[in-house]
Every structure is written in structure tokens, then in C-alpha cells.
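Both complexes below contain chain A, partnered by chain B and then by chain C.
Showing the complex of A and B:
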């Protein structure tokens, strides 16, 4: 059931209770989690935070905590599946789900007692109406009652009655069959495509705003959540622009409140500003040349995997009058005269080279003398931390590190230690306590290490894309394109993680569309497989929709993968919250692919 | 005594806040804390003010002495005089640190205030060092220092006492 008033129906309900937060492993969920944590700290609501990476972990976490806790808050997980059937909870467990995955399962929408959806009802949902899907079964009983009564009547009358009753019964059965066929069709249409709705972080920021407890930190986290949806290509451009406008209103409200001519704020206070900035990833923390080389947009427009493309890049730089020596330095050390008009100069030149959208509306934050970050920088850094493939780090450690990178200062975390909140984890993650006390490094350092990891990740993606295109690793299978990353490929460990693989997929498809001459291939979706675990012999398979300017980002691969796996009885694991990402045994790869081809053609 | 203990004692000072919630009178061992009404200023101890601020339940009003012009005057006076001048508050250093770390958005011109308070502190500590040095070198038996705060005394206490102990040992060994 959809919640009408988020303050009354959610916050005040959990206000004096202990809650379990189950958080999915993506940046939007992390930001939403931080906002909710900050709200809980203000009101001293006790909570337990459990990061969950898939449906199985969700189930185990639920079983562990269902004895002690009654209220569960699920962030970015749980809306697109019949939760009650999967978890089999007791009648008094209540689930609050704030999830961007659509379509929301119809059982979750129409359950009135146990499932509360923290989603706006008009958020692009088009849920089928109740009568189309659910039907009361009372009418059946009447027919059978009538039949048994009429059994002992005299023959003439009985035959007439019988005929009437039989006709009505046949009519009713036909109507029921029609209704069921229509129901199947409606459900199929509804559940066929998977897409994403409004960011969870923005939902919780609205909750904070309604409670008038919103701070600049929370606003910044909401912005990061929204930018994460844009960076990982989960929402359409239109939606992104609309949501940016909403955030812009909040930003101007906060800026207006504090800034005054005479009483200027301390330099340490956080300042968020609206920027119409360049689409070059991490360019302020890198050199301009590296950033242009490794950003998806510019790299695909110039086709930097070819020699021709690199020459074009040199031309581009020369056209702007930027000397190579300057451009290869760290951005902070570039000459001030160059940095001043950089954005306009780049925009002008890129228009000449066919890159119309080099600038994008976004936000930047500024605190202290040294720290300036754009929202997309934060997203890349936190994503790199969350999915870092170091051997020693368990997934929860990465989760904590990523959460910390989002805080501004270590003071905040010490403050949370002093509060009476319970922050417990499943027993095997006891290294969490060690991590929490080893916070002698400030969170800004953690953020910078995240940025370094993100740079490595982007370079790895760029190189993999270049090698795939140059060696023609992308094959057209008919209804879709397919690419398989061999085990010996450099940095292949990085791509065993879902978010990194999806980013690679997206870049690869864009690069392919720019490099191929085959008009038909430009409209095909892409399926990509990469080795996940060499010992267990599994691969991770990801499917993304075709690349187009006005794509609505709706992905049908979730259902397609399920059906293909069923028909060939391949050993698959549909553990991810995004149904278009699955794990598969390497041996079953070919038959799974064949099934997929037949299914989609 | 530790610097953190001095800070703990400093948190008992009263500061004015404007709460945004309402609560009846609270009866604590240390005293009563009056009824809280949203929008009406009230005096509370610094420890409570900081806790409420971190939970976003109030706005802190800087104390009267935390003002750029007043602090500039005090700093100039301190530099002119040889003796210690009266301080704005017996815990000025700790209060500045606490309030500027947690509530700098409620205090106008926070950066300048931080610099000015640091200047005053530096001048006073320099005077204290000079005075301790002359006390020891001239082997005085008695010194009187007015207007010192607990934090400043605490900074020099350990060193001074150790020095005097050493000198006593040296002197008694000579005899």
C-alpha cells in the first residue's frame, strides 16, 4: 500500500521503536541510508543497519532479526518481488519499502496491512487496477449450491431450470476464462520492462524537509543519490532535469537562509552551488587530458581507440589554444588564465566537433579551503570504494568505507559512537568494529582514496572498451549484441562486480554505436558476460537496453533471462535486486545464449 | 588535570539558545532547566546546548563577548599591558572552540573570531612564560598573577611544578 503522509504513517510509527534497515549496495541506497541515519540520530531512534547484496542475504538477515524486531525498512530492494511470499513473515512484521525498482509487484501495492511503500503514488507507475487482477471468489459457491438443490425437482421444470442454470454456468466460466486471459496479458505488459523511479535519497530528503530537520548535508546526499541514477544510466534525461530543478529549489532555499552581506559564513561551512559543468569525469581531481581521454562521452565522440581519434583530440586541444604541457598537468596546477574560461572555451570547441551536450546541469559542494567536489565525483569515488576488489576487504567493510566517504568530517562519526544507537552487523563481519575505531584517517582521506580507485576503474574501462572494439569482440547474435570478457583480460577482477560491469557495458555499447557502420546493429541491446568466480566457475551476465538519444531506459532482459534459464534448465542465480544481472555457470553459457536468441527473435 | 577535564568543567557555563521544540521544566541534580518554548530564548548549560544543536533542535546565540570589535579591543589591550587583563569569560578558550566547532553557522564572522581569540591566547601564554621564567631565574618565593584562566594555569602547571621540584632537589643536594 502506498503511504500518503510520510511523516504520520512512517516516521511517527517508528519513532519509539527499534528498526532494522536493510540497504542495497548502490550509491542511491547509501545516500538514503545516511539521511535516515541522521534523522534517527536526531530523535534517538534505535536502529540496526544491515547491508544486503541480494535476495538470499535479504532472506537470511530477515530470519536473523525477525524475533527481535517488528519494523523493517528496506532501501532500494524488495519492491519488485512478492515480498510476503518470499520472506514468509509473521503477521505483525511491518515492511517499509523505499525502492527505485519498477514495476512494483502488484501484491505489494494492494496489501493493506504489512507492506507500506514509501513511494509517491504518481511516480510513473501505471499499476493495473485492482479489479483487473484480483477477483473475489464468492460467486462460485452460489452455483454449486443451486445445482444440488435442484437435483430432486420434477423432470419438466427441472430440465428448464437445469438448462437455465447450465447456460448461466457456462457463461460464467467463459467470462472467467476471458478475465484470466486478460489478467495474464495485463500482468505480462506491466511486468515486462524493468526501469527505475525517483531516487530513494530524494524521498528521504523530502521526509527530512517535512520534519524541518533538513540540513545541507542531507541535501548534498540527496543530490548524490540523484546523480548516481544519472551516472549509472537508470533514469531518462527528462527525469534527471526535472529532479535537478526540484533540488535546485532546495539549494536556493538553503543558500538564501544563511548567506548575508555582513554576516558571511565561516569557510568551513558547507556551500552547495548549482553548476552547469562539463561532462568530463573527475576532471578537477585529474589532469584535463586524462579526463577527456577516459570520459565516456568524449572518448566515444572522438573514437579515441583509433589513431585518427587521437589526432582529432590533439586538434581539439589545439583549437582551444590549450598547450599540451598545461593540459597534462594536474588540474589544480593549471594556469589560472586557462582555468577561468575553461568551460565556455570547451563548449564552443566541442560544438564544432559534434559534441552538443558537453555540459550538464549538476551541483558542486565547497567546504574548507581545499575541498571542492562535484556530485558526479562523489558518485564515482563512492562506487569505486563500494566495489573495490581488494582481497582483504569483505563486502561490509567496503560498505562502511563507502558510507564514511559520504560524511564530511570524522567528528560526525565519533558523535555517532557516543549516541545510544545500536549499530550491529551479522557476526561474521566483526571486523566492522575494528574499522570503526580505526577512523583516525579523516573521511576526506577516504574520499580521496575513493577518487584514486575511481580513476583506476575508469582507465581500466577505457582500455577494455578500446581492446574490445579493436579486436571485434562484440558479436551480433541477431536480436542482440553479445560480448564475453575472457579470463585473462587485464583488470577483469574489477568487472566481476555488477555496477562496474554495467558501466563497462554502457560505455561499450556507446563506443560500438559510434564505431560501427551497420545501421541495424546500432539499435540492438547488449548482453555482456564476464567471469565472476574462477574457482566456482561462474560468470556474471548483464543486459542493457539499446543506446539512443531518447531511450526510456526500460530493460526487458530480466524476464528474458528468467525464461531462458527455465527453458534450458541452466544453473543460474537470480540473486540481484536488478533482475537484468544474473550469475551463470560457465558451462551453461552457450545453451543459455541459444535459448535467449530463440526467445528474443 | 587534563585539558579535556578543563573543557568538561567549561561545559557548565550558561549560553543562550532558541529551541524549536517545547518541553516542560526539567529537574536535574545540578539545577532546574526552565520550560522550553519554540522561538523563545532560554539559558542552558553548554553541554545541553551542543547536544540540542547536534540534534538540530535549537539555534545557539553567541555570547556577548564573542563579537569581532570587542575581541579586537581586548586583544589590543592585552598587547599593551604588561600584566594580564581581565578576560571576557573564565573559559573563553574552551567556549570558543566548542561553539565554533559545532555551531559555526550560527555565529557571524566565525573565522575572524577564531583568529582573534587565538591572538589573545598567544599573547597571554607568552606573558605567562616570561613571568614563569623570571620567577625561576630570580628565585622568587612568591608571585601573584591576576586574571588567569584555568586552561592557562593548566598549561603551565605540570612544567612549572616539575621545574621547581628539580631545582629544589639540585639545591638540597648542593648543601
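Showing the complex of A and C:
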């Protein structure tokens, strides 16, 4: 059921209890988790945080903790399946689900006791009404009772009554069949398309605001959660703009101080500001040239995989009067005279080249002398950390690293605490401080390493897109476009992770739409496959909706993949929380594709 | 040269700084005591000789040996006392049960001293705070909060808290637990305190 008052029905219920937080591996969930952790720290609510990467891990984590915990909070997972059937919990387990995946499963919506949805009821849901889907069992019982009564009547009248009874029964059965057919249709329409709702981080920020325990850190995390939805193309432009306006109100509320020359805040305090900034990814931490080269929007508009496109880029830079030497060096080292009006200059020139939306509404943060970040920078950095393909790190290690990168302060390690305990008389103070400083690793360093990884990822995406377009790897299969990344492709390991592959997919589709002349192909969705695990022989398959300006981002591949897998009995694993991402055995790839084509044409 | 062995003992302790306890150097101690005995014998005989025969020339050597004896005594008592201080610190660091390798480094008398120190500390703690007693070895630094966030660094299995709840400590899970229960595990390296 939907929760009406998040403070009374959720926060006060868990206030004196122990809670398990099950968190999905995406940035929005990480931000929501950080906000909730901060609230729990305030009120000393004991919790256990378990990162889960798929349905199987969710099940295992639930089994491990169900004996000891009654309350489970699921962040960005669990809304779109019948949770009670999947987990088979005891009657006293209560689940609080804050999930952006839509559509919400109807059982989750109409269960009154165990499932509480931390979702606003008007959040673009269009849930079918109760009577259309659930039929009460009592009606059946009454009918059979009537029939047995009628059966005891004297035989003279029996035949007529029997006929009447038989007619009524046939009538009831027909009505029931009609109702069931209508129910199937309604459910099919409801569950056909998968899309995303309001960011989970924003929901929890609202909870913090209602409790008046919101801080600037929490606001910043909510902004990052929202920006993650936009960067990974999960919400429509309209929704993004509306949500930005909501966040802007909070930002101005937090910035409202009589800040002037005398009463200014310390430079180390966090300042969040609204920016109408350029859509060039990571441009403040990179050189301007590289950023323009590797950002999806500019690269597709210029068609930078062609020679012509690169010439156009040079023209563009010349048109703005930016010398190549300046543009190729690190952004921080560019001349101040160039940096001053950069945004306006770029906007003016890009209008001439057909890029109308080079600027986007977003937020930036500023703390200390060196640290300035835009929200999209944070999203890319944390996503790169979360999915880094280092050999030794498991997925939970990456989760922890990404979680750390979101905090601002210096990290204290256990080693320093241990050292403090072992210190006895006499000890030189200088060596003690040396030890302390050398072992402290700031979370900002982690963020910077994330930014470096994100740069590598973007360069890899750009190169893969260029090679795919130039070698015509994208084939039209009829109802959709298809692309397969071979095993030998450089950086293919990066693309064995779902978020990176989805980003590549969207980038590729955009580039394809700009490069092809076939009008029909421009409206097709894209399915992409990349090798996931060479030893096990699996590939990861992702499907995204067609690219258009007014796209509503609704994805039907979830159901399509399920049906295709069933009909060909391919060995698939639908483990990911987004149903449009699956794992498949390499051998079954062709028959799965054929089934998909037949299904969708 | 005299007193060299005593200095060896001191140097050995000085090398192991940071409160670590090296093995009890019985051999070294015995050698020092033997040297002291030898010196004392020689002094005795010389003093008798000086008294009986009035040979004043022996007096400087008697004085020298006496100084050596005093020096040896000072070194040995410093050695023993410093070890006791380290053992005392161990009680505050590790709790009342010492790990086996540390106990191995202590001699029998030191173990006895340790158990008596434990007893007197325990009776002192019981006498504080009314009838309940107060564990003053907890919270050596004033804690900032009752609960701290900890991250599990290795699989430790199940861990029980005061009210009976059992927490499953799996690698990379994070928990928000009462501070006093976590301190032991933080020292052992199973948990890591997360500051955010």
C-alpha cells in the first residue's frame, strides 16, 4: 500500500527498531542510502546495510537476516515484482520499498499489511483499480450454496429450476471468463512498459525536510540522485526540469542567509549553487577539447567519428576565437580571459551549429579552495567507481568505494584507532602525528580517482561508438536495431557492466540516428549484446527505447526478453532489477534473437 | 667490562618500544646477578684484607666494585620495573585475558603480579558507582556518540548484542551499533569505524 504520511507511517514506526537496508547498485540508491543513514545517525536507529546487486542476492540477504530483523527497507529494488511470493516472508516481516522502477506490481500496491510503498500516490502511476484485478472468493461460495438448496426441491419443479440454475451457471461462467480476459488485458497494458518514477534520493530528502533534519549534505545527495536519473536517461526532460525546480526551492532556502562582505561563510563550508551550465561532461576537470570530443551531445551533433566532423569542430573552436593551445590544456590552467564568458560564447556558437540545448539546468557545489564539482561530475565519477572492472575488487568493495566518494570529510582508518590504543608512555608526539596523517585517506581523493576512471570510460565509449558506426556493426533486424560487441574489442571489459553498457547503448543509438539516412531506422529501438564472462560463456543483453526528442522513456524490452527466452527455452538469467537487462548464454544468442524478432514484428 | 650485561638488558627493552613486551631474559638476569655475586665476593675478601692488614691501596678497587654493584642493581630494578609498567598497560589494552603469546613472554612472578593487579583493579572498579561498579577500562577517550557506524572487513559470522539480537557480520556490510560492543572487534581488526 502507498504510505500517506511518510513521517508517521515509516519513520516513527522504525524509530526504536533495528532495520535492514537493502540497497541496489545505482547512484540514486546510493544517495538515498546516504541520506537515510544520516537520518538514522541523528536518531540513533540501529541498522545494517547490505548492498544487493540482483534478485538472487536480495533473496539470500533476506534469508540471512530474516530471523533477527523485522523491518526491511528496500531502496531502488523490489517494487516491480510480487515481493511476497518471491521472498516468502513470515507474517511479521514488514517491507518499506522506495523504488523508482515502474510499474509497481499490483500485489505490492494492494497488500495492506506487509508491504509499504514509500512512493507518492500520484507519481505517474495509473494503477488499475482493485475490482478490475482481484475478485473476492465469497461470490463463488454463495452460488454453490444456492445450487445445493435448489437441489433439495421436489422433483416436479426440479427440471424447470434445474434449467434456470444451469442457465444462471452458464451466465456466471461466461461473465467470469469475460472478467478474466479483461483482467489479463488490463494487466498486460499496465505491465508492458517499464519506466522510472521520482528519484529515491529526493523522496528521502523530503522525509528529512519534513522532520526538519535536512542539511546541505543531504540536499546535495538528493541533487546527485536526480542528476543520475537524467545522465542515465531514465526520466523525461519535462520531469527533470520539474524536479530541478523543486530542488531549486530547497537550495535557495538553504542559501538564504544575510551573506554579505562581513557575514560571509567560511570558505570550507559547503555552498550549493544553481548553474545553467554546459552539457559537456567533466569539462572542469579535463581539457575543454577533450570534453567536447567525448561528450555524447556534442560528439553526435558534430559527427566526430568522421573527418568532416572533426573539421567542423576545429571551425567551431575557431569561430569562438579559442586558440587550440588553450583549449587542449587542463581547464583550470586556461586563461582567465577565456574562462570568463565561456558559457555564453559557447552557447552562441553552438546555436549556429545546430546545437540548441548546449546548456542545461543543474547544480554545482563548492567547498574549500580547490573543490568545485557539478552534479553530473559526481554522477560520472561515482558510477565509474561503482562499476570499475578491477580484478581484485568484488562488487561490494566497489559499492563501498562509491559510497565513500559521496562523503566529503577525511576518512579515519581503523589502524589509527588501534595505534592510539597501543600508545603508552613514552612516545614522541611527532611520530604519532606523522602516523596519523600518513594513514588518513581523504574521500576527496577517492572522488578524484573516480573522475579519472570516468574519463577513461568516456573515452572508451567514444572510441567504441566511432568504430561501430564506421564499421557498420549496427544491423537492422526489422523491428529493432541490433549490435554485438566482439570479444576482442578494446575495453570490452568495461562494457560487461550494466550501467556502462546502457550508457554506450544510448550514445550509440544517438550517434546512429545522426549518421543514418534511412528514415525508418531512426525510429527503431536498439538491442545490444556484449560479452560478460568469458569463462562461463555468457553475454549481457540490453534493450533501450527509440531515440526521440519527446520520448517518454518507456521500455518494453523487459517483457519481450522474458517471452523470447521462454519460447526458445534459452538459458537466461533475469537477475538485474531493470528487467530490460539480462544475461544470456552465448550459444543461445541467435535463437533468442530470432524469437525476439518474431515476437516484435 | 663490568655492568655491560646489565646495559644489554636495558637496551633490549629500549629496542622494543610501543609497549611491546619482549621475552623475559632470564639468562641475562642470571648473568648480571652472578656478576654481582662475584663482585661482592671479591669486595668482601678485599675489605677483610684491608681491615686486617690495613692496606689502604685496596680502597679504590673496593669503591669501584661497590659502584658497579650499585649500577647493576639500578639497571636490574629499572628493567624489572619497566616490564611491570608494560604489563600494567597490557591490562588496559587487552582486557583481563591476555593472548597466549604475550603470556609466554612473562615469567612466573610477573604472571602472579598481573593476576594480583587484575584483582585490585577489579575490586576498585566494583567499589565505584554505587552497587553496580563501573568499568573504567572502556571509553578511554570521551565518546562522541553512543552508536557508531562500522564496516565489516572480514566475515566474522554472528555477533550478539546486549539485547539478544544477533547481527550477521559479512564482509563489506555496514552496521550501526553501540560503541562499547564494537571496540573489541575494532581492535581485533574485524570491524572498521566509518566516519562520514
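Quick note on the criterion: the second predicted complex is superposed on the first by the 563 of 601 C-alpha atoms of A that agree within 3 Å, B and C clash if a C-alpha of one lies under 4 Å from a C-alpha of the other, contacts with A are read in each partner's own complex, and residues count from 1 in each chain.
Note that a contact is a pair of C-beta atoms (placed from the backbone, for glycine too) under 8 Å apart; a residue touches a chain by one contact, two chains touch by 3 or more.
Please read all numbers here as calculations on a predicted model, not as lab measurements.
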Query - Touching partner for A:518 - first (chain B), second (chain C), both, neither - result: neither
Requested in this report: Report for A:266: first if it touches chain B alone, second if chain C alone, otherwise both or neither.
Outcome: first
Report task. Go through the superposed model and pick first if A:42 touches only chain B, second if only chain C, both, or neither. Result -> first
Query raised in the report: Which partner does A:333 contact after superposing on A: first (chain B), second (chain C), both, neither?
Result: neither
Query raised in the report: Between chain B (first) and chain C (second), which does A:550 come into contact with in this model arrangement: first, second, both, or neither?
Result: neither
Query raised in the report: More residues of chain A in touch with chain C or with chain B?
Result: C
Report task. Please work out whether A:129 is in contact with chain B alone, chain C alone, both, or neither, and reply first, second, both or neither. Result -> neither
Requested in this report: Would you sort A:65 into first (chain B), second (chain C), both or neither based on which partner it touches?
Outcome: second
Query raised in the report: chain A residues touched by both chain B and chain C?
Result: 41, 44, 411
**Report entry** Residues of chain B touching chain A in the complex
**Finding:** 20, 54-57, 100-101, 104-105, 107-111
Report task. Using the touch rule from the top, collect the residues of chain C that touch chain A in their complex. Result -> 17-19, 85-86, 89, 93, 140-141, 145-147, 149, 151, 153, 165-168, 170-178, 186-187, 189, 191-196
Report summary line: Within their complex, chain A touches chain B through residues 41-44, 212-213, 215, 258, 260, 262-269, 411, 415
Query raised in the report: Tell me, which parts of chain A touch chain C in their complex?
Result: 18, 34, 37-38, 40-41, 44-51, 64-65, 67-68, 394, 396-397, 399-400, 404, 407, 409-414, 417-418, 420-425, 427
